[in-house]
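Take a look at the structures listed below.
You will see two complexes here that share chain A, one where it goes with chain B and one where it goes with chain C.
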Partner chain A sequence: MTETQEPLLCVEGLTIEYQIAHQWQPAIHDVHLSIMPHEIHGLVGESGSGKSTLGAGILGDLPPLARHADGHIFFEGRDLATLTPAEWQMVRGHRIAFVPQNPLEALNPTLTIGTQMAEVTRTHLGLSHKDALKQAGEMLAQTNLPDPIATLQRYPHQLSGGQQQRVMIAMALSTRPRLLILDEPTTALDVTTRAVILELVRTLIREKEAAALYISHDLGTIAQLCDTVTVLYAGEVMETASVQSLFAKPLHPYTSGLLASLPSRASGDQSRLATIKGAAPSLVDRPTGCVFAPRCPVVIDKCAEKPPLERIEGQRSVRCWRWHEIAAGTLDPRQPAVPAALETTRSSDEVVLSVGHLRKTYQDGGFWQSKSGVQAVSDVSFNVPRRSTIGIVGESGSGKTTLARAIVALTEADAGSLTLLNQPISLHLAHRDASTLQNLRYVFQNPGDSLNPYHTVRSAIGRTIRHLRKDEHSTQDVEQTLQQVLTAVGLTSAYADRYPSQLSGGEKQRVALARAFAAQPALVLADEPTSALDVSVQAVILNLLKDLRAQADASYIVISHDLDVISYLADWIIVLYLGEIMEQGPNSQVRHAPMHPYTEALLMSVPTIPDGTSSKTTLSAKDAPPLLQGDIPSPRHKPSGCPFHTRCPRFLGDICVTQTPPVRAGENGHEICCHIPLDELRTLQTGGA
Partner chain B sequence: MIRYLARRVALLLITLLLTSIIVFALTQFLPGDIARLILGRDASPQTVNDFRQRFGLNDPLPMQYVHWLSGLAQGNPGRSFSAGNPPVMPLVQSRLSNSLRLAALTLLLSVPLSITVGVIAALYADTWVDGLISLISLAVVGLPEFVTGIVLINVFALGLHWFEATSLVRDSYTLGEWLRVLILPALTASFVLFGYITRLTRAGMIEELKKPYVRTAVLKGLPYRQIIVRHVLRNALLPTITVIAISTGWLMGGLVVIENVYNYPGLGSLLIEAVNQKNLPVLQTVVVLVVFIYAVSNLVADILYAVLNPRVRLG
Partner chain C sequence: MQTSLQQFFSVSRLSRTLRLLTADRAASVGLVVVLFYIGIALFGPMLAPHNFAQVVDDPAKCLTRSSGDVRCAALKNAPPSSANPLGTDRNGRDMLSRLLYGGRETLGLPAVATFFAVMLGMALGLYIGYVGGWPDEILSRLIDSLLAIPALILALVTLATLAPSLAMIDSPIIQSLGSTSIAIIIVITLLYTPIVARVVRAATLALRDSGYVEAAKLRGESTAYILFREILPGVMPALVVEGALRFSYAIFLVTSLGFLGLGAQPPSPEWGRMVLDARSNYAEAPWTLWTPVAAIAILVIGVNLLSDGLQRVLRGGPDND
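Showing the complex of A and B:
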């Protein structure tokens, strides 16, 4: 870089406070952060860490009841805190642009894309409406939107999530801003779309010579995109470093803990994930010393005193008293790995649930309209052996949730058979007996929504016990079982009297699991059990899921869009696309060649976190297929032949369009549904080796 | 959109047909013999029978209904029971046009003002401005029409002599003369609408201002005015516009009290007269007409909503 090495953005000692019960409490405390021109700076933290508040603070757009209490934000040499509203208006959208998390909500539903894009350049660059529209079309073309000119005429709801986010990015970059602030721009998107959008963000930011502050909870995304990372915890900077050094050698115990809790870092399928004990402090009970001290595995007496944010070299800085020891390698800040509580007995041949040719077609159209069917699940068959975990993975729209709901009869399947413990069970909920209900339990994606806010934990779990455990009639029996299941999910008996609003996200999910296991089920279906949770909480719940399976002698069907979560938990993986099984097989085999081109694409989309000892599938870079372009087709217009042919990177030709691919059997029951023979797939995917 | 429209119009016709059946059936259940009631106790059986014959009251009920409905559809719902038996239609027509004038002036007075005030209340939400507006609009909406009507008459007609206290209406009136007659009843009706529309606009604005797209617009660096006018207002007014369209139905057929206070010859007062005189042909026609106006204004509301909301229009 030949330019001046003055930072573009320099945050110095920033403190932002929220008013809570008439008291000002810091949400961001003494934050230092600088971004050089052309730098992509990642800001990572869990929910409540203040990362979005920091982003809003830089944009001068704090929510009501928040105030910029101390510190400076210098941008292009000016202190942003001194700007008048009129000056802010010149900076926002012109010098600093913003890309939000949820593009559908962030776009005005009643204005066309063209109008919304054009008003930015009309305001800031003084273009005429016609020129602005022309420029908007050019910007959209650069984001690889299929039909940019037609898109200008469309309304937000007519675009897919990925397309909407492209619009947001194009809009943000249309004035060639110096700095882009992106707040979780890919969190609301599907894995495959996420990978494409990340690639686009990186290319465009480089091309437009902008710098960026990329806010995310997802370490993988940060690793893939950013040059530098700042780790935020409880509103304070724990560590700032280049991406390479942060992931190779984290200096702060919190960073180490966060990295160790990633499911992709699990060393073997029997191991537990490392977790960070306790929970992040709330705004009102921040520790006075080091904010991380209460949860730190290597805490010492000195930590009662707040450590300074020490500049080490270049951009690297850390806020820890013991970083010298960690850097020298004399101190390992990671939580000692706890061995699995119980060695899981390997799954037996006994089949708990057998799903045969299950089909679900949603009937579309009301009274006045002609009927059209939307095939959500078509002809799905698989078995769940006792003590095993079946993982179902796929993008949104793949039919995975419909499949799970059809099994528990929340959605009525049209055809097919279900056999539970060798007894055929009805596809209709009303025809199922109590023992079926007791043996088949469901854990919903969002525990906050699935717990009745007006029922205590005792009442929620107690109901399940009373209704489904016919052997337990007396109040004492119910109470005893309640205490047992609470203990099993790691909650004390004090939680029995709490209401859902008094629980954290992780605690709510524990209660939901306790409620499922209170019935002593044979099979638990968990729909995205951790997707609403933070990384460190996710690790705790994933460990808990493994422990419970061993203790309760139960089986699982786990549904997730996250391949890392699935491959951490599952023995058997089913890859679903538009309601059809593309591939299924043992966990160890599904993630390695030969695999279905869709599975391959999903794997490619998961950002790899560099750690030197990556156990991930290695795809030779040269032969790696391009990232999946486009969106999953609507099940309403399901492609003929192989449903994946419209996006398949290994598309053969007419045969994929006209003929249903054969199911090719591999070893150990591994099945791949593809026109390409397995040997050929293996050759393609291992780069000819 | 065409399909949607066709469906809505079909529904409207069905609604009207059902209403006509209900109205016809209900009027048959009025206590006592209609002919006897109209002609009085002293009428001879011969006169009563003549009356029944003339108005087809001796025919079987379904026949009477079909006869009435086909007349109604052709714009000739028959003759009134009142003295001289004038045809119903011209009477209803003149009342309809009076009601239209009153409704139009009321909307003209209340809509722009109440939307403006509602927007101001939302932009200054939770300040004294908002508090004052809330207080006024609540007070106005809470006062019954006859109270505001009588106060207005006392102040502007009897006290200041600016306007007439009662509304003598002639078709030969000039625009100025019409305004003099219409202004007080229209003002009274406006008070009711004002409170309603103001509060609805305020709620719509406040809800809309919280939406993430407003933050996007702010962070795009757009001028404040443009954000409010181009982005927020249109979306915030969607529910308000629907309510305005529907209240047109009320303005046309529901102003019974106001028309009574001012002695204004609109549809509402005609309805009351018809009920009092047991004037069945008039009553039936007015009720069907009012239902028709309600149905049409509902339809207009839905169409407006669809036109302004691309999510409905373009599915």
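Showing the complex of A and C:
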């Protein structure tokens, strides 16, 4: 790999503005960015930070009502603003390629994969259709798609999300571009698929000697993939550094705040996550000085003046007045850690909810068609002790949401039993009495969707209190409880009269939590409570969930695809795969050997973020099993024997295909459903063999 | 506690809708036209110089009787003049006065019928959309089969049988409103209820599985509460737009029936009827045909502009700025 001194892409003082209410407002302001050949450059920022706008600006593909107001973009030494449409044709899709976030939207559903891939090389490289198809097949083979030639004949909807994204990557690389812009290419994918795609992107970019701009909100993937990283906040560059130095020693208070808010960085079971106060400014109310000043814990008077983007050494630059102090170690930009709310004696033996042999099969096929069943949840049993948090983790299609909906009876289970506070409860919502409804509250995945846009916060919460709290009927009582729960979730009473459209994503989730706790439930089920939120907001909500549990005498069932979130919150973890429990046990034990091969694979797929102690991250340790290949099978064609045998890296042989694995009991109620004995698993996983 | 419907119709919402409508050029033209016509329907008869059935005297053809009273011949087919700004028809009636009087029937019947159709269609659509299953299957197929019959033909057949039967009923309400008017209202309600119900059903389906409806179920709310408080506000924009569109079609239908001689009967100044009366008179007095035709055309265009504008404005969903 030869390094040339001339950067491949150089963005200088770029400002892009959007027209809002007849006024031009900068979405990105004075952005400097340079990418050397062969460099993978990460661009990280929360939603609204302007990272996608920057990507679109480099591609010369700004949306209507946006304009390139100031600055230059040099690519291979040429100013892109001077290009004619014909010259753009030669650059876009050829020299600069793009991989979008949602492949299904980017692929034409009416054309085969082969036709669409061939079109790129025919247009840009002048290949004949036959040669182009041949080349497309070769490219697909390089992305490790099984049976690439057959894939060329398929239509986009016949491929899974991971396969579609492989096609997009193959298509983008087919012209051997110098620069690849990837806009959140793995956000829509499952953890295990995401890890595989990331490794593929890294290998292919290296192989094709391209450079890449990788746009993401996820610090983990950035850490895993990129060489250098630029942190964007409110449309301005806060800091640029190599991945190692950024994660080891962030110089900007925003970067340190962001890093501290990751649940994987929580130091221990009792700690709270550090959070960044306030919310990011909208396009119309950007601060005139330092954009981060209103939220900065170490703000000084000078911050009313905009700091310059100072170049420190090499690639590293930072936009902060106080970076010298931070670099010297005399100033700690992190929020002072707030001790966790004191939790009284935790989980007792008393069982709040007992789930017994719960099953749910979705029947499809209409009136005239033959019925076929999709087993979403099969034979799931577990107990929820008082004051405990059960974490349910699994990929999409694992049946975790169906399980939660069956417990609250939004989906009717086919068989099984539910016992709430020692009383058997019905599987049908219509047969449940008010006290069951009151004791079992559900927090929806999407806070925006679970609040009626035509109802105020007062109406949403008040209605719950009036309906489910039998002791409170008078208007004053309801109002008093309303104020209490709003305070408990950290909202002022002014929020009572707001409509959901006047709330931010994090505030909506607070209201949803307030609504759940207003009923004084015994058990709260939260389905992906933070998946729709930004990292810094996620930290706030996770803290809140912990605090509420300490204050209210409630248990939780938390469902997430994110192992970090689950292990931050839960005492007891249940790992679900194709509707079956693969492993369950105490938090500390599930994450350590011996563990189920699927749990092991999930843990492997979670990107580890360097904290400065390790020098360089590697995707997988040398003796670790390879990442999970392929996709989670459709529950319609559930594998026989052990459902995981089709992807299992520790596959034994026929026994896994033909026989249902036994449940092997470990210590403290730890259970693993596998044919491999626990001792053997431990030996395999600790690398002692 | 403010209810959701109050919120939908709250002063701030209405003023916001109005502000956005007036910012839209086409919609504001529609709004002005519709308001103008509503003014005619309400105050027209008070402003009219003559009664709709009154024959205007021709001052050139007057005779003074021996008893002293003056008897004049009717001013037939007079072109527009200062005395009769829109001329007179072949019976010598003032066209302007007839137009001003006719507004009530031409706008009133469609308005009442549309109101009934919207109310019934809303209830029906909400119910079958939310409950689904067999009620939805049966009622949806019934609606489909009703929609398969051309509207005008269905209207003609129903009207031909309904109006005479209604006339036989000895009821003061029917007597005062006229059996034909009541029959027309019933026919239009019958025709448009299924159409409105289909639109509401589709909008309800989209909201049925939303998180807030499920949240309401988990609170143990009644079906009626979920339908009218949780779902209806979200369906309202589609309903308002569809109502405005149905209104413009209803105007067409009422005037068409009048033109075919099945609706309003002479000497009614209903505009469709006026077109029918003027048709055979076109060679002598073209203005008697053009004025009611223009009145109907401008009204329908205005209502359509307004309903398009409403669609643009309400589509954005709730925004409580």
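Keep in mind that, in the parts below, the second predicted complex is superposed on the first by the 675 of 689 C-alpha atoms of A that agree within 3 Å, B and C clash if a C-alpha of one lies under 4 Å from a C-alpha of the other, contacts with A are read in each partner's own complex, and residues count from 1 in each chain.
By definition in this document, a contact is a pair of C-beta atoms (placed from the backbone, for glycine too) under 8 Å apart; a residue touches a chain by one contact, two chains touch by 3 or more.
Note that the structure is predicted; figures quoted are calculated from it, not measured.
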Which of chain B and chain C A:588 touches, first, second, both or neither: neither
Partner chain(s) touched by A:109 [first = chain B, second = chain C, both, neither]: first
First (chain B), second (chain C), both or neither touched by A:515: second
Contacts of A:459 with chain B and chain C, given as first, second, both or neither: second
Contacts of A:98 with chain B and chain C, given as first, second, both or neither: first
Common interface residues of chain A - those touching chain B in one complex and chain C in the other: none
Interfacial residue positions of chain A with respect to chain C in the complex: 408, 410, 429, 432, 434, 437, 441-442, 444-446, 449-456, 458-459, 462-464, 467-468, 499, 501-502, 515
Chain B - residues contacting chain A, complex: 7, 211-213, 215-224, 226, 230-231, 234-235, 308-311, 314
Of chain A, residues touching chain B in the complex: 59, 61, 85, 88-94, 97-98, 100, 102, 105-111, 119-120, 123-124, 155, 157-158, 168, 171, 368
Contact footprint of chain A on chain C as seen in their complex: 1-2, 4, 7-8, 210-212, 214-215, 217-221, 230, 233-234, 317-320
